[in-house]
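Can you keep this structure in mind? I'll have questions shortly.
Naming follows writing order (A, B, C and D), and every chain is counted from residue 1.
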Amino acid sequence: MSNKVFAKGLAAALAASVALVPLMASAGELVIESWRNDDIDIWNDQIIPAFNKEYPEIKVTFSPTPPTDYNALINAKFAGGTAGDLITCRPFDASLELYKQGNLAPLDDIAGMDNFSDVAKSAWQTDDGSVTFCLPMASVIHGFIYNKEAFEAAGVEVPKTRAEFYAALDKIKEEGSYIPMAMGTADQWEAATMGFQNIGPNYWKGEEGRKALIDGSQKFTDKPYVDTFAELASWASYLPDGYEAISYPDAQNLFSLGRAAVYPAGSWDISLFNSQAEFEFGAFPPPPAEGSDTCYISDHTDIALGLNAKSPNAAEAKVFLEWMTGSEFASLYSNALPGFFSLSNHKVEITDPVANEFVSWRQKCESTIRNSYQILSRGTPNLENELWNISAQVINGTVTPEEAGKAAESGLAKWYAPHQ
Amino acid sequence: MAHSGPMTDWRKAKLPVFAFLAPATIIYTLFMIYPLIDSIRLSFYTTPSGGEMAFVGFDNYRTILGDPDWSATFWNSFWNNMKFFAVHMLVQNPIGIALAGILSLPQLRFRNTYRTMMIMPTMLSVVIVGFIWQLILSPVWGVGVDILDIFGLKSLFGPWLGKEGSALITLSFISVWQWVGIPLMLIYAALLAIPDDLVDAAIVDGATHFEVFLHIKLPLVLPTVAMVSILTFVGNFNAFDLIYAVKGALAGPNFSTDIMGTLFYRTFFGYQLQLGDPSLGATVASLMFLIILAGVLFYLFAVQRRLARYQL
Amino acid sequence: MADLKLDQIRKSYGAVDVLHGIDLDVKDGEFVVFVGPSGCGKSTLLRIIAGLEDITGGDLMIGGDVVNTKSPRDRGIAMVFQSYALYPHMTVYKNMAFGLKLANHDKSAIDQRVREAARILQLDQLLDRRPSELSGGQRQRVAIGRAIVRQPKVFLFDEPLSNLDAALRVQTRIEIAKLHQELKSTIVYVTHDQVEAMTLADKIVVMNAGNVEQVGSPMQLYHHPQTRFVAGFIGSPAMNFTTVHIDAVEQGKVTVTVPGGAKAVLPFDVPANDVGKDVELGVRPEHLSLGENGDLSISGEVDVVEKLGDSTYLYLKLANGDRFTVRAPGHSRIKISETVNAAAEAGASHLFDANGKAYAKLECPAEYSADE
Amino acid sequence: MMTKNIRREDMSRAAIVHAILLTYTLVALYPIFLVIINAFKSRKGIFSAPMSLPNAETFSLEGFTKVLARSNFELFFFNSFTVTVVTIVIVLLLASMAAWALSEYKFPGNTWLALYLAVGIMVPIRLGSVSILNLIVELGLINTLTALILVYVAQGLPLAIFILTEFMHQIPKDLKEAARCDGVGEFKIFFAVILPLIRPAVATVAVFTMIPIWNDLWFPLILAPGDGKQTITLGIQQFIGQYVTDWNAVLASLSLAIIPILILYLIFSRQLIRGLTSGAVK
């Protein structure tokens, strides 16, 4: 090597590193921690500019980390004292624990907190409901997004019942030019979230079943849950080849490239498909059984924003939070992010037709949230993580629906008294 | 350790000796030895949520090795790690040795070019390697299928990374692909140190190049092979990045790719709705330490002592 | 046992020619030494014979067969390396048995041959040792033993003594000579040391820059060097050279002026048109004596005196600045900066043209001739 | 004429040898090649013809435009470069000093200290992560490059000391004796006589220190995950996490991460092997 060049490089780097160390985030700049990395453009281009129009002196940075790393990272950052000022809150226990550890500040004194219903706030309150520690932002709704061209090609209508749904999938499969359903099990969580929690409420009757699981009057070995697993197992034949190795983004690509007919969705997928798909698509709720008079949907309180209790910019952060309780944010957020539905009581016009379709199910059907989130994921083994693994295995065909129910139940029984 | 002649008595140069040794020893002790010992200490404590740290003796070990859930997870990751290691020993090191042997053949043209190209994957970040192979093996992209199709083996393609039976093996092969450069480099260097005369002598003695390799070169580089093996062992039981990059901390499907590194990460930091537990994490780390220590001691006392190193 | 024939052997590495067409006949049982300065191609030639290097052009025959494309093991050769190249992980016994084992000889035959060779070389007690436990001389003998057991048609030695100290070198040299007498095998031996060449060889091949300068018995090379290079290379101390002027040529005689102005008449066949040219005169130190008592007389100032006991070497500075070495008797009292005169018989002189080629000497007294 | 003297078995053997080497070279390089060519294609091109070179129809730089606009690649790269280079310099200096003291001076506990310093070769520093994090927090160094450098120095020292000690045993005694006879001080002997002599081992130590640092995901993830402090590996991991569905961006970012390190490697690969074969590692 040329020693001189090498030495010069070293000297330069050394000098640079010394200069770098004292550089820290300057005061007065709000950093928002989030797992919503898909939303970075919307925050940077719409939400933050809108806020700055009113408060130009407060600088806000949206700093997302990948969803799978988020929880571990935020814990580490709190431990290390490097967490941002505003913390995007997962619902229920993950955030409750952060509050208990003193990492999140109570937010009851924020003006405008009464713009949210008790149901909306319930996911970010202490068990007794006395303290709210995150400002509810949005919920997400599960359902199915479908490719209208694919449905036309196969000559099928939007299904109203479970039987129609599978008849349609069969027909698409037979016709052969589209993969009937785009999903994979490689990342595991889709199987649980877009599968189990999507179609399940129709079996366990939404809130009724969810509460029964918490008080112990229902078990995962009961019929509704085993039946949910059974329906999930039947998906295997409609999924693309090699679905075991297909990740969430793979599945999104399959659908947005127009190769698949149906996509088990979270409403948050809408914006991605809006930007990538070159065909028209629509949505339908998880179809209930033939002859059932009520439909149930998962309308999950998904995302909120909390305040880092040790934030040096607490005053500015509260300004931001207060602004978020207003109607401007509600409308901005719901429309900028079609598929995230504001939890505030403000009346919001949603312009996106597919998002509007999703939100309209709130009128037709009964809403519930994911059954593993409240209380039931407090112990080890963790129910949510168990459901990911089990649901993926059910689709992969490595466990039967009955075994899946038993596995989930026995995990819960290990630590949760009502199930012991 | 071999010494070249008598050493200088330190009493003639107390200050320099101290000054030479102190900085390295201090940094090393502070950021390596202390954390290791402190981790072991931490594994005897527990930290309840919001509470004070309390000494619990071997409770954490009892939990991990005794509790049916924990011990199943632990031993699952241990055996997965053993499989991961076995693939490296049986595939990576033989390929590395064979390629190094071929590269050290006399009068080989383009030797340096081949060597440079073959070591290239070793220089890449594990994260990048993980993504590259995820893309190639993705059933959606179809490159893997197309490549197999060239050899008429299209039907063999499967979602290897997604199947419980094949995910770990596939990841092991990806890791082998990346790390073959290490045995290749070290053994190649050792082979180059063998004097040409020895090879010529064996050839005049009637040996083919393969026989020269088998009877002369290989026995002479055995100590390096042993060193590569123990480095492989330590590296494999310390692996984390590849699995994390490809399968995430949950190491699916059904924990079939869970190795000790991912278990440690998950235990320490938590995952999704599950919260992390520093003491249990430290316990897992301490157990890993014991396993690695056992392997290293085995190497030092059972393997290295039996391998004579020859003056060439 | 076999003879060896080299026919226009050429070797190039890419565009670089290192051997320019070597012809050589080695008779069965002959001890041939390749000698020359380093880089002259002698080792390359040996490696070509061994089959360790490909031949670029020409033919190599061992025992009458062209072996150009045969691999070393099919050539019936064995080689002793400068570094000995003993296998460090094998005992002496295994080192010697290795080649036989590869050739699938049966165990008892191997054992018999190894023990026989060990006996000849007095290695019996060392068979279980590893090379690292042997002295330099012992290693050398093992290297030779490894060659012997294979009972080759041709032995090849590549500077085998250069790693030994002076005393051991003389001793081993004698052992190799004895070994040759005992085995009567064909030996090709490479060295840069002309003393080894003179003492061991039946036939010396002097090489220079990829060419054979001269082939002949040691005495032929000593007395009848065909080129200035050979004249300068063979003999110790080396032959003296100085430039002389050709004054006149007559039948079988040439008159030259030596530095300092003296004239001498020498018995060389010099073409008439070389008159007036400068040529090189060569005389060996041992053929010069002090005084003016000779056909050729030359004077110079003594610049260095080396006393060796039995003789004294005087280094003279001639009038033209050239140096001459004179071997004087051991009792000589001559001191530095004295001017002395050295003389030689005309028959002891050598004359070389501008290209370094020797002029034919027409009269040659018996004491300056290789004819026996 | 030329081929007359080439052995037929040699020719066929050479053919087999080159076939094996070429095959493996292809195996080693093709995946990298595939990523790089696809980085220069449009989304359609990537999916419809993944294995062909970009052509007029499929050529597109949209991935690169996106990556460069939306991520801080230069900064990530600079962070990695700083951490790596500073670590290598410190490791080389401290390790050669310690190696020199261990190989040159006789003092009580010499062997034990050498063993103590060698433990780190075999025990991965990651096992101490829990305490390292606490320590770094206490020192107030969390989310700084300094934290990474300190840990990497500790991680790199054992192997470097080991290699350099072996290497220093080969330094001829005469050299330092001559210096001592001239009355040169011990510090000066080290800095003026010994340091210049270990150059052949420097490339080897540097590479063995560099590979794990440059590629590390673990410590950046734990100690410096914050904005502006990410190393290239972590930056890539996070960036790909953000744009995972956008294959143009993914492939472009992979290419951007691959190319610089490969260029560096191509420049230094000869030194690496030379260092390895100069007897530094056995």
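Going forward, a contact is a pair of C-beta atoms (placed from the backbone, for glycine too) under 8 Å apart; a residue touches a chain by one contact, two chains touch by 3 or more.
Each chain and its UniProt protein: A = Probable sugar-binding periplasmic protein; B = ABC transporter permease; C = ABC transporter ATP-binding protein.
The model shown is predicted, which means the values in this text are computed figures rather than measured ones.
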Item checked: Any chain in contact with chain C as well as chain D -> B
Check: Starting at chain A, what is the smallest number of hops through touching chains needed to reach chain C?
Finding: 2
Note to self: Distance between chain A and chain B based on Cα centroids, please, to the nearest Å.
What the structure shows: 37
Next item on the list: Just give me the whole-number Å value for how far the CA centre of chain B lies from that of chain C.
Entry: 57
Margin query: Measuring centre to centre with CA averages, how many angstrom lie between chain A and chain D?
Written below: 39
Next item on the list: Compute the distance, rounded to whole Å, between the mean C-alpha positions of chain B and chain D.
Entry: 16
Check: What parts of chain D, by residue number, touch at least two of the other chains?
Finding: 47, 237, 247
Notebook entry, point to check: Considering chain B alone, which of its residues make contact with at least two other chains?
Noted result: none
Margin query: Multi-chain contacts only, two chains or more: what residues does chain C have there?
Written below: 71
Notebook entry, point to check: Which residues of chain B touch chain C in their complex?
Noted result: 195, 197-198, 200-207, 211, 215-216, 219-220, 308, 310-312
Notebook entry, point to check: Which residues of chain D touch chain B in their complex?
Noted result: 13, 17-18, 20-21, 24-25, 27-29, 31-32, 34-35, 46-47, 50-51, 94-95, 97-98, 100-107, 110-111, 113-114, 116-117, 119-120, 122-132, 134-135, 150-151, 153-155, 157-158, 161, 165, 169-171, 173, 185-187, 190, 211, 214-218, 232-233, 236-237, 240, 247, 250-251, 254, 257-258, 261-262, 265-266, 269-270, 272-273, 276-277, 279, 281-282
Item checked: Interface residues, chain C side, partner chain B - complex -> 47, 50-52, 71-73, 77-79, 81-83, 85-89, 98-99, 102-103, 132, 146, 150, 156
Notebook entry, point to check: Can you name the residues of chain D that touch chain A in the complex?
Noted result: 47, 70, 78, 81-83, 85-86, 89, 133, 136-137, 142-146, 149, 199, 203, 221-223, 225-228, 237-238, 241-245, 247, 267-268, 271
Check: Across the complex, what residues on chain A touch chain B?
Finding: 68, 71-73, 75-76, 90, 92-94, 97, 100-102, 184-189, 240-247, 250, 253-254, 372-373, 377, 380-385, 388-389, 392-393, 396, 398, 411, 414
